Amino acid sequence: MITVLKKGTTQAQMEHLIEWLKARNLDVHISHGHDYTILGLIGDTSKVDMELLSSLDIVESVQRVSGPYKQCNRQFHPEDTVISVGNAKIGGGNFCMIAGPCSVETEAQIIEVAQKVKQAGADILRGGAFKPRTSPYDFQGLGAEGIRLLLEAKKATGLPIVTEIMSVQYLDLFADIDIIQVGARNMQNFDLLKELGKTDKPILLKRGLANTLKEFLMSAEYIMSEGNQNVILCERGIRTFDTYARNTLDLTAVPVLHELSHLPVIVDPSHATGKVHLVPPMAMAAVACGADGVMVEVHNDPIHALCDGAQSLKPEQFAVLAEKMRTVRKAVTQ
Amino acid sequence: MITVLKKGTTQAQMEHLIEWLKARNLDVHISHGHDYTILGLIGDTSKVDMELLSSLDIVESVQRVSGPYKQCNRQFHPEDTVISVGNAKIGGGNFCMIAGPCSVETEAQIIEVAQKVKQAGADILRGGAFKPRTSPYDFQGLGAEGIRLLLEAKKATGLPIVTEIMSVQYLDLFADIDIIQVGARNMQNFDLLKELGKTDKPILLKRGLANTLKEFLMSAEYIMSEGNQNVILCERGIRTFDTYARNTLDLTAVPVLHELSHLPVIVDPSHATGKVHLVPPMAMAAVACGADGVMVEVHNDPIHALCDGAQSLKPEQFAVLAEKMRTVRKAVTQ
Amino acid sequence: MITVLKKGTTQAQMEHLIEWLKARNLDVHISHGHDYTILGLIGDTSKVDMELLSSLDIVESVQRVSGPYKQCNRQFHPEDTVISVGNAKIGGGNFCMIAGPCSVETEAQIIEVAQKVKQAGADILRGGAFKPRTSPYDFQGLGAEGIRLLLEAKKATGLPIVTEIMSVQYLDLFADIDIIQVGARNMQNFDLLKELGKTDKPILLKRGLANTLKEFLMSAEYIMSEGNQNVILCERGIRTFDTYARNTLDLTAVPVLHELSHLPVIVDPSHATGKVHLVPPMAMAAVACGADGVMVEVHNDPIHALCDGAQSLKPEQFAVLAEKMRTVRKAVTQ
Amino acid sequence: MITVLKKGTTQAQMEHLIEWLKARNLDVHISHGHDYTILGLIGDTSKVDMELLSSLDIVESVQRVSGPYKQCNRQFHPEDTVISVGNAKIGGGNFCMIAGPCSVETEAQIIEVAQKVKQAGADILRGGAFKPRTSPYDFQGLGAEGIRLLLEAKKATGLPIVTEIMSVQYLDLFADIDIIQVGARNMQNFDLLKELGKTDKPILLKRGLANTLKEFLMSAEYIMSEGNQNVILCERGIRTFDTYARNTLDLTAVPVLHELSHLPVIVDPSHATGKVHLVPPMAMAAVACGADGVMVEVHNDPIHALCDGAQSLKPEQFAVLAEKMRTVRKAVTQ
């Protein structure tokens, strides 16, 4: 960590600060320039409060050199994390397709979709039981009944299940779910992250709409610091000024996250774009830049879907896309 | 609500959609143009899922005319909401100053700050007991003990207290707190909002870093739709590309929120800017554009503060600012 | 174009507005709702000033249905534009690789790079002679001498040349250049666009860092409305809150621009990311989502490059990438 | 300037880089940490290409300590710049009101507005002759005739004139104009900035929609580095995700620019918000946070204005606002 002191900082102020830093078990290297003084802080800086430091009157700026994340940092854990659920593997050179409807509606619907996406090559079934909606008047999902239907679909097809949790109070309902998803709006719901960190379930953590990649990794670190090492990172679009698509899919996040962390990285082009016809090109782009998996909405009857229906591919469209994704994956990894 | 149908939509598709809309108790006015057809939807459109509609293949675009928020909408409730806690009133022509440290540290600290900000004219004491921090390794607040110390400060000074809740599981601890704050990162933690909507406590809701004003109002609506009408809106900076200050304080939100809603609107320049010397000018700007209150961090010993210390004014700096804010308030309201 | 009138608009005000609209040769369809009145404007709305309309006191909102761009609008020109320079073709199912150094430095440098990228399969040589730099103290390019050296490289290899213009006063120097580039910062330098519209040179127009796709198309329209139909659109990253890469590459722009316009769309991953190791994955992603070409910085001696050097691949790295791009292109188009 | 070298940089690579830096007349202080090496660069770093440096493979990050701007840097020029035109003074404790229509339309219009805003206390008349418009089909201003009419209004009232230039080819027309405005879209039109730097006219430079404050100052530096020290900075809103107002007015820019630079800072709430009713509160907020002036659109017949009409106040509304701004100014400076 580098701290630059302002011109005009007195010797006493500087010594006061250095004392404070040393009390935090850091070594301090001092480098005097003409206009400023640089302090190089050596040691475990992950516990230094960067915002506090940078807000001090005498401090010009503070810069971290190593990320404050430890457990998800590739520097300390060079080997790719591989997460196994059922027959599916995520990360470490495996490519994983997750597919299913935005919302679970009926037993017939979820079982039919599950069977069709399995046939098309999907490895994992997704489906929403608890739905985060901007408006309290929009459909909020089937809740516990949705979880039950997902488990029926698992029984019928053998596909592992991923579904979203919105509050710790429902954790018991997720006992037989294979992967628990944390949505973009809850990426910094730290109490939820900590509780999930105490379980041993794989967690699919979605990036917040306005969160930097370092904040994203810090949220993974919240989970991991409580003991649960099974985190899957999911890029799903960020909020920018352009409004043609629902959000701006930040695919550069894929190689950057792979560089900074050993955790698997997947991409959700359905929520990012919000439009069916943009899903296939962006899914293929995700594969081409190295994503470990793609999560796609598939619905057997998009017109009547209760929620986000028409950002869903039909099963036969998904089958075509799945084939193309495999071809692109082969092209980039061969 | 206006729905524009794409060129090439068949009569059958259109009729199918209109039937779906009518089943939702809406009247539909059809207007045929050369290149497109416009459907005007009349009735209670707050329950129509705009994302679903706009993602249909035949739909070019969807636009809401009335906001989907009802209870916080000034159109339906023209009178300003006024929230009273102790001797303080917020909204409806009253101006309110909230001050206090970022984090509660010790009994001596919080009582001293409380006494000093009261003397300078503050109406309400703020202080953090549960702290949302980007890193799991940063100081997370004193928790329950912090709440206890805040209540001691209330006893000593008579100032009402506002402090942040991060999870519904701690709600019991807030029984004697006067205003419960929901932080920016939890603005769309819908389960938390719903639970707070079942209480009768005033809720100070902070705007999320990447949330539009309409989403902000929808989050207020989540609280109000459960019965609790006592919501205070707080602008605290949004995330943009510029990085000089911590966030970009969006003061235009103040007159816009006043136009769209009857709820009181306050501004937090301390968290928005992250720098002490920017707090006074931005606090005065907030007053000048009509904010119903300003929330400022004040600390008796900024250098040693455990958290966000140096974005805090010293009590004597706050006293000068408080005097200036009163002068500006008088200038704009006379 | 749809105009929604506010509740409370008087009959006289509405008639006044309708008269004003009819004077602009528009038909107006009126649709009365309970809370608002909708005007559907039929006719050539491209000449209606949307900002003016939306700023009127009685107007709630204005929404365009057809884009205000005509000549670059696929709706009116369904066939892909194909631009030919030398042996290269851009658009209409052709895939084009553009490569070369950020800045032209010496004759030896540019000829060597040109020969090597040609050998690796590049179709067009890029190189900067006039360089837009944030600081007046940074290297500004060789100017006219740079153009001369590029033409030497063209002579030596037969590769067509693309290079950036920054001011109309230098237009004469570009007489033998094959494609003139307009940089991101000049995307809305309307006087420059108009002058280029009077030439018959292909124009490679880069998207501005904070411009929507509709504004991007309007800038193409500026060129085309003066007569020059040969415009190539180039996505090169937008400015967002994340700072890990230099900008955020918005690949979704590729399928969206293809949907809205018949113009070819290429991608520049070198400027978007600013980091060599991110160029190959993002170049492949661009190919996978359907880009008509990719423009990549290649330098024979990155360490010593005068400008942006190390965002450049070495020629041998480019050769590997070119091979991979061809494989991915084949996978997505087969 | 601080350069952090990556773990794994060899001694030879580091020495190569240091040699390159020393050839640029910089002293280099080396500080070895466990995981990284810090180079502190001492000397005139304004000429070091930061992007080049940061893109080198061995470089983890680069950070400037002093801004690369020299002539507009308050550190080197602590005294406020005061710009005088006619009887008006801008900067250095003076408060300046600039008012007038978006576009010049007729002699009667501009003279009437000029007289009325003068009466209300305006110091300078604004009016657009050359208009930058997103669409080539929108009204582009009266051009040379507009300049002539502005000069008539100057003759009639004695008010100095500010109007926008869009291309260097029209510079001769601005001979009798008092202040030349550079619009937001041309903030990085470096050739235009350099030409204006060779004149001695005051330049009112508007901030680009997606430009950081440091880039804004670098554009001022472009003008100043050619000899012209008379630059006025104007905040006019930045582009963010929120779309209620036209742009997001970044008022924190006012105290920050005052801290970093000695140049005067004014605010344009009319273009920032795009809505008449938001102009007064934001104008007052600008005054309250210390702006040296405010530029407001005023039109004698908003309904019929050719361009941006209804973001204009009527003269009598401006008179009320002007009085209020004076009161707030007095409150904050007393």
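Chains here go by letter, A, B, C and D, matching the order in which they are written, and residues are numbered from 1 within each.
In the analysis below, a residue touches a chain if its C-beta (ideal position, glycine included) is under 8 Å from a C-beta of that chain, and two chains touch if they have at least 3 such contacts.
For clarity, every value in this text was computed on a predicted model and none was experimentally measured.
Enquirer: In terms of contact pairs by residue number, which of A-D, A-C or C-D shares over half with A-B?
Expert: Residue-number overlap above half with A-B among A-D, A-C or C-D: C-D.
Enquirer: When B-C is set beside C-D, which has more C-beta pairs in contact?
Expert: Result: the pair with more contacts is C-D.
Enquirer: How many Å are there between the centre of chain B and the centre of chain C, using C-alpha atoms for each centre?
Expert: Centre separation, chain B to chain C: 39 Å.
Enquirer: As a quick test, compute the distance in whole Å between the mean CA positions of chain B and chain D.
Expert: The separation of the two C-alpha centroids amounts to 31 Å.
Enquirer: Using Cα averages as centroids, what's the distance between chain C and chain D in whole Å?
Expert: About 26 Å separates the centre of chain C from that of chain D.
Enquirer: Quick one: which residues in chain C touch 2 or more of the other chains?
Expert: If we look for residues of chain C contacting two or more partner chains, we find 210, 239-241, 243.
Enquirer: Can you name the residues of chain B that touch chain D in the complex?
Expert: Residue list for chain B touching chain D: 210, 212-214, 238, 240-245, 248-252, 254-256, 259, 272-273, 277-278, 281-282, 284-290, 324, 327-328, 330-332, 334.
Enquirer: Taking the touch rule as given, give the residues of chain B at its contact with chain C in the complex, in rising order.
Expert: For this pair, the touching residues of chain B are 2, 4, 7, 29, 31, 33-36, 38, 40, 42, 60-61, 63, 65-66, 75, 239-241, 243.
Enquirer: Give the list of chain A residues in touch with chain B in this complex.
Expert: Residue list for chain A touching chain B: 16, 46-47, 49, 51-52, 54-57, 68-69, 132-139, 166-169, 185-186, 188-192, 194, 208-210, 215, 218, 221-222, 225, 239, 246, 274-276, 303, 305-311.
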